[in-house]
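The structures considered in this document are given below.
Each of the next two complexes has subunit A plus one other chain: subunit B in the first, subunit C in the second.
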Partner chain A sequence: MKVLTCLMLVLALAGCTRERRKPTDVAPSSARPEGSPESALQPGPTGTPPSAEPSAVALPAEGMPHAPYEQSAWAVSEGKRLYQWYNCVGCHANGGGGMGPPLMDDKWIYGSDPIKVHQSIVDGRPNGMPAFGGKIPDSQIWQLVAYVRSMSGLLPKDVRQTRSDHMSVRPSEQAMRPAKPKNEAGTPPSAERPG
Partner chain B sequence: MNLLERLQSLTERFAQSALETAGPQAERIAALWWLFFWVCTIIFVLVVAALVFALYRGRARSVEESSGPAVTLDSGREAGIHRKIFGLIVLTAIILFAFLLATEMTGRSLASLTSSGGVTIELTGYRWWWRARYLDPAPERIVVTANEIHIPVGKPVLINLYSRDVIHSLWVPELHGKRDLIPGHPNALWIQADRPGRYDGQCAEFCGQQHAHMRLIVIADPPDRFDAWLDAQRVTAQAPGDDTAKRGMEVFLTGSCALCHAIQGTDANGQVAPDLTHIASRATLAAGTLPNTPGHLAGWIVDPQHVKPGAAMPPNSLSAEDLQALLAYLKGLR
Partner chain C sequence: MSGLSQSNRRVIVCRVVLIMALALASVAAENPAPSKDGQWLRPAKDFASTRYSDLAEINVGNVKQLKLAWSFSTGVNRGQEAAPLVVDATMYVVTPFPNILYALDLAKPGAPLKWKYEPKPAAAAQGVACCDVVNRGAVYADGKIVYNTLDGQTVAVDAATGKEVWKTKLGEINRGETITMAPLVVKNKVLVGNSGGEMGVRGWLTALDLATGKISWRAYSTGPDKDVLIGSNFKPFYEFDQGKDLGVSTWPPEAWKIGGGTVWGWISYDPELDLIYYGTSNPGPWNSDQRPGDNKWAATLFARKPDTGEAIWAYQFSPHDLYDYDGVNENILLDLTLKGQKRKVLVRPERNGYIYVIDRATGEVLSATPYVHITSTERVDLKTGRLIYNEDKKPQLGKVVRDICPAPPGAKDWQPAAFSPRTGLLYIPHQNLCMDIEHVEANYIAGTPYVGANVRMKAGPGGDRGLFTAWDPVNARELWSVKEHFPVWSGALVTAGDVVFYGTMDRWFKALNARTGEILWQFRVSSGIIGQPITYRGPDGKQYVAILSGVGGWAGAIVAADLDARDSSAALGFVNAMKDLPDQTAKGGTLYVFALP
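So, the complex of A and B:
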C-alpha cells in the first residue's frame, strides 16, 4: 500500500513539467514584424491573391520562434479572451462563422499554417477581414493564432480549452476531433466569399 | 495619522449607508426601516422579558410544588392559555399586516416622486462598468460618459436602466433602494439628492469576477454647476496642446485603444468600452477601482489585468515614449 502511494505521488510529479510560462510572455516588443505595411483598420488590399509561400510580410519578429504559443495552454486561453475582446466573435461567432468564415471547421481559405493565420490577422484579407497589425501587440496576435488553430483541433489536446467563460454555444475546443485541414491557399478569393 | 484615524477617514471616504439619507426617496425607505427596527426591537424586548419572567416563575413554582405531582392541568387554566396564545397570534398578524401596509404606502409615495421635463439618464451595465447617456431631443446635445454621473441638487432625475450582458443592479444607498438592470427588459428609477456631495453607487447583483469593482460615482451639484458640467461634457474632446500630446493622440488612434474606446471629435469610435472624451474630468478609473492619477492611469493602461483581472481590456505593450505621450494626451481630455 505504502509503495503504491509513493508510486502515485512520484507519478503525479510528471504533471509538473507540463508547461512552462515565461513571465515576459505578455509583453515583448510592440514592434510589428518588419516589412508589413501599416494599414488602417479596414479590409486588406483587394484583388491580391493570397501568395502560396510564407510571404516576407509576416515573418515572426526577431527572437520570436515560429508559432511560439502552440504548446502553451495559458497562451491559448489568453487567445480565447482576446478573441472575445477584439470582437472576432462579431464576425466569426464562436468559430461557427457569420459574416466571416467559420474557423472551427477544416476549410482554410488562406491556409492553416501558423504563419498564414498570423498573416490573415496582421494584414487582413480582401473580403472583409480587417488588419490588426500595428494595432495590437504581436504577442497577442500569436496568442490569437494559437487559439484560432485550437478551435479546429490543430493543437495538442492538453493545450486546447475545455470550457468557456460565457454560455457554451459549441463543444469545447478540447472536444473537437482534429480534422486534416483542407488548405485552399492559392485559390484567389472569389466573389462568392463571404458566402 | 494613527490607525484609528486612518480607518475613520477610510470609512468616511467609502461610506455607503442607507440610513444617512440625502434625498426624499432614501428618506422614505429609511423611515420604513426605522419603523421596522423599533417595532421589532420592542417586540424582541417584550419576548425576552416574558421568557425571563416565565423562567423565574417556573423555577419558584417547581420549588414550591416539588412534593406534589410534576404537572397539573386543569381545563380552566388550559383554556386561559389557549386564549392568550390566540390573542398573541392575532396581534402578530395585525403587526405583520401593518408592516405590509406601511411598505405599500412607502412604495406608493416613492412612485409619486417624479416630475416631467427633468434630466433623463440612460444607464447601461457592462461587465464591469457603467455607460451613461444624458438624453436630449437634439441628438448633438446628447452626452455620453461612463462610471461617473452628475445630477442637479433638488430635482428628480429619471434613470433608465439597461444591461448589455448579465443582470446587474444599481444601488446608491444614500439616494434610493436597489433596482435591477436586466438584459432585454428596460427598468427605471427616480432619484433625487437634496444636498450637494458625492454618493457612491454599487452594483448589487453578482455579475462575475469583478462585480465588487463596479462602482458608479454619483455627484450632486447645485443646478448652475450641474449645467456648467453638462455643457462642458457636450464639447467634443480637447485637441492636443503640444507635440507630446499630439504624438499621444496618434498612439491612441493607430494603436489598439480606438478599437474599443471612443473619443468624440476624433476617429476613435469604439463602442465596447468607456467613452474617454472627458476622462481627465473623472475622479476614478475603471468604475471606482483606482483614483484617477497619472501613475494609476499608466499602470492601468499597461496592465489592466493586474488591477482588475478579467476586465475586458487587454494588456498593452507600449514603449516608454509612447506611454508618456499617451498620458499627456489623456491628461488634456478635461
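So, the complex of A and C:
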C-alpha cells in the first residue's frame, strides 16, 4: 500500500508536466511492498455503482475530456507506459488479452466510446476488471483511455505508437487498421461470460 | 459339473480369476491389483494417483466397437478440466466458473438430471484466474461431494439431495487468490490449496474437517518455519533443503509474502507411511532478478502428516526457478524393484522436463531423466539434488533470450498421467514447447498480475506441440510416444483391458493399445478435450468411459476467452503457439459417455 501510494505520488507529479513535453523517463523501479501486501485495488467494481449518467464524470465545458489526450502522441505514449506500470498488461497482454479480454480487437463488451472506456477503468467491470478510479490521477486514466483506443486503431494514425522498446509481440499500434467496433450495445454477451 | 450349485460354481470361477489376477500382478510391477471397483470417487481414482481401472470389459480386442451411449451439456462454454465422479448409480460433474455441480441418474435410461447445485461464486474471480476459469474436479467422501469454487471457497454438498452441507471461505480474490484444484479427502480431512502464482499470492495447503468445514490446519509454502509447519520431525534429504526458516532467508526481505508457491495441482496419499505428497507452484514474479535466492518453498515437493500438516521432508525441484516451472504435477506412488531392491517410490513427470523417481519415505532422488528436449537446464545433480541451470539460457532484463525449452507450461503441465500395473508403464500426456523470453520490471499491485516477463511460446523440435508418451519408470526410458498437433492437455486413463484413453485439443477422443501405442479407436467430439477421462461400471453391469469436451485452460484460452492471435504475448505468451487452434475447434462444454453396443 505504502509503495503504491509512493508510486502514485511520483506519477501524479509526472502527470503535472506539460503535455507537449517529451516523456520524462520514469523507469519503473523494483517495487517491493513492506508489511502486508495489501492495496485498495480490487477486482470488479467497488463502492458506488457506476452512475447511470456518464456525464456525471467531471467533464470540461466542451464535453470532450478525451479530445486533448487523443490528439497528443505524447499522451498516448504516456498511456502506453502506464499500461505497463499499472499491470494492465498482466491481464490484457499487449492487447490480445488473457485474464481480461482483448483490447486490440473490434469487440467491446462495454463500449469503445472514450467515456465508456474511461468508465471501465474508473469503476471497474463486474467480471473482474479492477476499479482504478480514485487510486490513480484522472489525467492518467485519460492517457490510458487514449492508449487503449489506439490499440485497435481508433485514434488518428499520427498519434499512435510506431514501435515498442520490447520484444516484438504484435503489430505496432500505428500499423493497426482501424477496427470498426462491433457489439456496441454495452451488454456482455452472456453466453461467453457466465455469471 | 452338473451337481455343482450355482454358488459353488461362482466360488470356483472367482478362485480362477483370483489366481489369474495374482499371476498378472507378479508379472508386471509388484503393485497389488486394485479391488474390482466400478466407481470413480476422486479424480485420480486412488490415493496412489494411478488412474488405473481394473475394469476389462472394454479391451484391446473390442474397443473399436465403442459407441456413444449418451451425452450431456454442462451449459458452460469454458475449459472443462474436471473428471466426472461416479458414486453408486449417480454421476457428478462440476463445471468451470460458475462451478455448477450436476448429479445425473445412471440408473435411468439416458442418465437424466437428478439435481443441480449452484454455488454462485463472485463474478470478479474470473478476472484474477490466470489461465481460464477451470475447475479440476470434485471428490466424494462420507456421503458428500466436496469441491472448490473459483472465488476461493470449498463446499460440501449432500451427495443424495444436492443440499449444501457447509461452505468455507479460504481465499481472497482481492489478493489474487482463486481455487481451481480438486481437493483430496484423507482421514476425514479435506485438503485444499490455492491458485494465483502469477498474482503475487502466498501459497498454502489447508486441511478442513470433512464433517463441519472448519479449518484444522494451514501450511504456507513460504515464510518462517512455524507458518510452513516445519518442526523437529522435518528431515529433508539434501543439504540445500536443510536449515532454519529457509522460507524467509532464501528471499529478499519481505518478498516471500508475495512469492507464490501456490498449491493448485495434485495430492497423493500413502496410508502405510501416513504421508501426503503435493507440490508448490512457481515463485513470483517470473522475473527472477527480483528475487535472488533459492525462493523456498516454491517449486517444491512436500511430504506431510495429514493429521497435523507437519512437514516430514521436502525437495525443491527448481531452486530459484527461472522459467515458471511450477512443481505441482501429480505424484504417482508405486512400489518398484530398482537395481534388485524393492523401493517405495514416488514417480513425478515434472514440468522442468525430468521424470523423477523419488524414495517417498526419505525424499532421496533415485533418478531424474529427461523426457523432452531440454535447453534450460543441464541435468539434476544426484549428489546434491540440485537442478543445474544452463547459464546461456538465463532470462535477462530488457534482452530477448531465445529457444528456451521447455516453455513455461513445461514438459507437462497439470494434465495427469496414468500408470498400469499390468504393463508397468506410465502414460504421460504432455507438450513439446519452447519459448523466447524477455524480463521486464514487475510492479506489485495487489489483485493484479505479478509477472514481469514478455514471453512468446512456439513448437519445440519437430514441430508437433503435443506428445503422449509411454514411459518405463524402472529402466527410465521411453517405450513409445505418439505425436499430436496440439499440446495434449487432457489427462490419461488406463484399464485392465490394456487400453489407454486421452483426448486432444483438435477434438479427438482416442483409445490406444497400452502396450504398443497403436491407435484402436477414436471419436470426434464437438469441442477440444482438456478433461480427465474416467471409466466405471454402470448399474446395468456394463463398463462405460466418460470424458468432458470443451476446450480452454491455459493452452486453449485463445478459443475459450476469444483472445486476439495477433498478440503473441496473449495468455502469457501461450497464444503464439496456438494461433491455429480456432481453425480446429470452437468453445464447448459437453460430457460424452461411451459403451460397447
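The rule we apply is simple: the second predicted complex is superposed on the first by the 122 of 195 C-alpha atoms of A that agree within 3 Å, B and C clash if a C-alpha of one lies under 4 Å from a C-alpha of the other, contacts with A are read in each partner's own complex, and residues count from 1 in each chain.
Here is the rule we go by: a residue touches a chain if its C-beta (ideal position, glycine included) is under 8 Å from a C-beta of that chain, and two chains touch if they have at least 3 such contacts.
The structure presented is a predicted model; accordingly, all values stated were derived computationally and were not measured.
K.L.:
Could you look at A:84 and tell me whether it touches subunit B, subunit C, both or neither (first, second, both, neither)?
P.N.:
After superposition on chain A, A:84 lies in contact with both partners, subunit B and subunit C.
K.L.:
Between subunit B and subunit C, whom does A:94 touch in the aligned arrangement: first, second, both, or neither?
P.N.:
Second partner only, subunit C.
K.L.:
As a test of reading the superposition: which chain, subunit B or subunit C, is in touch with more residues of subunit A?
P.N.:
C
K.L.:
Touching A:171 in the superposition: subunit B (first), subunit C (second), both, neither?
P.N.:
A:171: touches subunit C, not subunit B.
K.L.:
So, A:136: does it touch subunit B (first), subunit C (second), both, or neither?
P.N.:
Only subunit B is touched by A:136; subunit C is not.
K.L.:
For A:102 in the superposed arrangement: first (subunit B), second (subunit C), both or neither?
P.N.:
Touch partner of A:102: subunit C, not subunit B.
K.L.:
Check subunit A for residues that touch subunit B in one structure and subunit C in the other, and list them.
P.N.:
27-30, 38, 41, 84-87
K.L.:
Over in the complex, which subunit C residues touch subunit A? Could you list them?
P.N.:
76-78, 97-98, 120-130, 173-175, 198, 200, 252-255, 257-258, 290, 398, 400, 436, 438, 440-441, 443-451, 454, 456, 557, 561-573, 575-576
K.L.:
Over in the complex, which subunit A residues touch subunit C? Could you list them?
P.N.:
Touching subunit C: residues 3-4, 7, 27-39, 41-44, 84-87, 90-91, 93-102, 104-105, 107, 126-130, 166-167, 169-171, 191-195 of subunit A.
K.L.:
Any idea which subunit A residues touch subunit B in the complex?
P.N.:
26-30, 38, 40-41, 81-82, 84-87, 134-137, 139-140
K.L.:
Using the touch definition up top, name the residues of subunit B that touch subunit A in the complex.
P.N.:
Going by the criterion above, the answer is residues 254-256, 258-260, 272, 302-303, 312-319, 322.
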